[in-house]
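Each of the two complexes below includes subunit A, the first together with subunit B, the second together with subunit C.
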Partner chain A sequence: MLIDIQHLNYTYPSSGGVSVHALNDITVSFEAGSFTAIAGYSGSGKSTFVRHLNGLLRADSGDIRFQGESIYGKKYPISRLRQKVGLVFQYPEHQLFCRTVLEDAAFGPLNMGHDRETAEQMARRALERVGIGEELFSSSPYELSGGQMRRVAIAGVLAMGPEVLVLDEPSAGLDPYAKRQLFSLLKEMQGEGVTIILVSHSMEEIAEYADRVLVFYGGRICMDGSPEEVFSNKEELDRIGLEMPQIMECMWRIREAGIPVEGLSCSEAAAEELILKAMKGGSDA
Partner chain B sequence: MIRASNVVYSYLKYGRTGEEPVSVRALDHVDLEIERGSFISIIGHNGSGKSTLAKHFNGLLFPKEGTVWIDDLPTDGKGNLAQIRQKVCMVFQNPDNQIIGATVEEDIAFGLENMQVPTEQMQERIDRSLEAVGLTEKRNENPGCLSGGQKQKTAIAGAVAVSPQCLVLDEATAMLDPRARREVIRVARKLNEEEGITVILITHFMDEIIHSHRIFVMDHGVVVQSGTPKEIFADPGLLEQYHLELPPVTKLAFGLRQKGLPLELPVLEPEELLKQLLRIRKGGGAC
Partner chain C sequence: MLRDITIGKYYNGSSLIHSLDCRTKLAGALLYIVSLFFVKDPILFIPCLVYLLILYRLASIPWHYILKGLRSIVVLLVFTFVFQSLITSGRELFSIGFLSVSYEGLMKAIRLVSRISLMILMASLLAYTTTPTQMAAGLEKSLGFLEKLKVPVHEMAMMVSIAFRFIPVFIEEVNIIMDAQASRGVDFYSGNVFRRMGKMMPLVVPLFVSAIRRSAELAMAMEARGYTDAGNRTRYRELIYTKKDRTAYLISILMFLLILISGLLL
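Our next item is the complex of A and B:
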């Protein structure tokens, strides 16, 4: 197992108000080369969880093993973990700080000990992969549109060539085309053996790209399965305040209304077929 | 309510020190009119100029050429700025830059004070707007200790509480879960319908804009299309050309029609698809 997490607990120190037990006894593991999505309502603990994966936050109790070794061990090199497990923050502004886009994307590789030329080479390649053109390389990251900024933030992490890529709501603010581009890139990286863990509020994109979805609820993992399994459990989704992808919701409603579609699906092609079949099945005259 | 005529805006990019700044045109002769009391949406690819345009609506940016009028006030930077900001309230893409209070509640109160809302009305407005976005339990929390979505909700609650004549939401829902997103759109529609507030919604979620009175499509600084949702979503090719897409149910309905189901297109909501399917079954003449 690539990442093995046992009984993780984390409580934010209170800010005058009540302290928040943001992670409650989380036990979960991730296989190398897997593609996992994390869903859950606002404040359910998703960002808190992913910030533990590269050691940015330290659990109050419990353990995280990366490639068999506890990252909380006394001599464990956290800086090397940060290179192997790349984390893209929820707000890209929080991780952009250099004067130009190119310098920003080259920062990680430089920090890893590459010379400037190699680092810039790696940065260029990463920027290209997220669709940021040469013309923006010398812009300040703060002179970009929201979606452009996010892509630069992703490139900065990609440039380090991480083994695990953790992304906190990476598609927020991206236009539909850029979203598709990002996900085909992530799929490509998965094909190269990179493990992908991402937080998302888009059930559509989870259904289309992830192999597994974890649902957070009140600091716990309350669902864990394939997108089809998780999303077809309407009762549980209602309880925890999540929604089905729109295609599946259509099918669910159609079935509820008495048109006999056999099964639920997240995929458009499958939905099309099932609905056509049900409609051909004759009318209830 | 808002009229833009021939608006051109360019940013100066500085980049590396020592180099001459480059001028980048972000709005290229934009004309548009937004009627009082309407609910309109602006969509377009990353960098198409949506936020730049929105910042012209409350005098954060001024046109380099052309004019923007808020009611009959031109936003020329000459003195009527305070009046304009009273009328148009904006929620930005990144809430970090606009949250200033020490607690969620104080942050909202601060906005109300700025708008000179009488003190005796403040508490009720705060309560109502917190309730509307589902943030009541975090009211005494330090905004720095909120999750990403909770921060967005704080910013939205702040704008809703002010109840301005015109509310601009610039990707204000980008980090909300689907239910919260739906709730925010519901609140915006309610403000629009019941209080006549003009709503301008900028978003990449196509399912949020299906109830707008009008949609404007931007591409490289130009408003390239405008129309009702039915008009805009009637042509999948058009949206793709501008890096946009149809809502999933609309796409599904297109597919079903191609395979022979006599659906009236475009279909914008699951409910509508269901109604049409039931009608077809009743009619018996499906396939």
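Our next item is the complex of A and C:
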């Protein structure tokens, strides 16, 4: 296992009022090269969880093992972990702090000990991969649009060449074209062996791209499985306030209307086939 | 670290102390702090401390918050104590090498350290139980008579309250930037003090940039909701003295006189 997490608990320190037990006995592991999506209502602990993956937050109890080694060990090089586990924050403006776009994307490689030239080379490549053109390289990150900021933030992490890429709602604020571009990039990276962990509120995205879904509910993982498995459990989804992806919902309704569709699927092509088959079956009889 | 600052942070609650008018609390704290300067005999600090602890209890502030407030100035306290006991000459109590501690020095050190600690604790109590907004409103109202002398009290109070408002924003901003940099390989916690300080430097520029950005946004948000500096402003929550405040004033003044008189006599 690449990442192995045991009984993780975390409570936000509070000043007065009630303290929030944001993670509650989380046990889960991630395989190298997998594409895992994390879903759950707002405030269910997704961002808190991903902040533990690169050691930004330290659990109150429990353990995280990365490549077999506990990241809470005394001598564990936490800054090296953060280069291997790249985290793209939920709010891109929280991630950018340099004067120019290029400098910002080169910040990670520079910290890894590359010289300026190599670092800029890596930054350029990463920026190109996310579709930021040369003309923006010398502008201030704060002067970009939301979607552009998001892409620069992703590039800053990509430039470090992480083995695990954790993205917290990366598609928020992107136009449909940029979204598709982003996901084909993620798929491409998965092909190169990078492990992807993606927080998302879009069931369609999850259904289309992820191999596995974790559903958070009140700081716990309440569902874990393939998108088909998770999304076909309608009662549970209703209880925790999530929805099926539209295609699946569509099949569900067709079935409710009395046409016997066999199984539920998340992919458009498979769904079409199943529906057509059911319709034909219906007309034969 | 910066993340753990509690001094000067409001502690949300609904205790008796929280519900007092902030002018009452301000006056009470001031009286207490002034009275501390009249205390000569260290024994007298014990009732002062007891009074303070009772107030903390009434405010339902957890005990560890009391220590938290002092932790940030512990170095200062230790320094003061050691210095005072060493540099004051008088009847020698004991000596280590060429350093000698005198009875007078020790007394002076105890007095000074107790006074500073109690002052800080009282100020923290005020901050724990009063929001910056209330504090600014209280100051504005107490100093309202200066308006007649053409002092722009309202504008100044607004500035003060916004300045207070920005302390948590600054802390949050520092945390955000530290997280962002840490995520890309900066290690803030290793190396010696100088190396660690060196790593703090790259935080400064982004911090100011984002603070300026935040304040521009705040100004825009205020104007979008119709804020101008013209006209007589009314408050959402009027400051009104109640019976509780009168009692509190009475107790504060009694306590002040008590400490004052016993301080002068002892």
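In this text, the second predicted complex is superposed on the first by the 280 of 285 C-alpha atoms of A that agree within 3 Å, B and C clash if a C-alpha of one lies under 4 Å from a C-alpha of the other, contacts with A are read in each partner's own complex, and residues count from 1 in each chain.
Here, contacts are C-beta pairs under 8 Å (C-beta built on N, C-alpha and C of every residue); 3 or more make two chains touch, one makes a residue touch a chain.
The model shown is predicted, which means the values in this text are computed figures rather than measured ones.
Undergrad: Which touches a greater number of subunit A residues, subunit B or subunit C?
TA: Touched residues of subunit A are more numerous for B.
Undergrad: Quick check on the superposed pair: does A:145 touch subunit B, subunit C, both, or neither? Answer first, second, both or neither.
TA: The first partner, subunit B, only.
Undergrad: Name the contact category of A:32: first (subunit B only), second (subunit C only), both, or neither.
TA: neither
Undergrad: Given the touch rule stated above, what does A:177 touch, subunit B (first), subunit C (second), both, or neither?
TA: Only subunit B is touched by A:177; subunit C is not.
Undergrad: Touch test for A:87: subunit B only (first), subunit C only (second), both, or neither?
TA: A:87 contacts subunit C only, not subunit B.
Undergrad: For A:1, decide between first (touching subunit B), second (touching subunit C), both and neither.
TA: Neither partner.
Undergrad: Of the partners subunit B and subunit C, which touch A:56 in the superposed model: first, second, both, neither?
TA: second
Undergrad: Of the residues on subunit A, which ones does subunit B touch that subunit C also touches?
TA: 15-17, 99.
Undergrad: In the complex formed with subunit B, which residues of subunit A make contact?
TA: Residues of subunit A touching subunit B: 12, 15-17, 20, 39-43, 46-47, 90-91, 93, 99-100, 138-140, 143-148, 151, 168-169, 172-179, 201-204, 241-243, 245-247, 249-250, 253-254, 257, 259, 268-269, 271-272, 275-276, 279-280, 283-285.
Undergrad: Which residues of subunit B touch subunit A once you look at their complex with the stated criterion?
TA: 11, 13-17, 19, 44-47, 51, 93-94, 96, 138, 140-142, 144-150, 153, 171, 174-182, 204, 206-207, 243-245, 247-249, 251-252, 255-256, 259-261, 270-271, 273-274, 277-278, 280-284, 286-287
Undergrad: In the complex formed with subunit A, which residues of subunit C make contact?
TA: Residues 6, 9-13, 176-177, 179-187, 190, 205-206, 209-210, 213.
Undergrad: Would you pull the subunit A residues touching subunit C in the complex into a rising list?
TA: Interface residues on the subunit A side: 15-17, 51, 54, 56, 78-80, 82-83, 86-87, 89, 94-99, 107-108, 111-112, 142, 156-157, 160.
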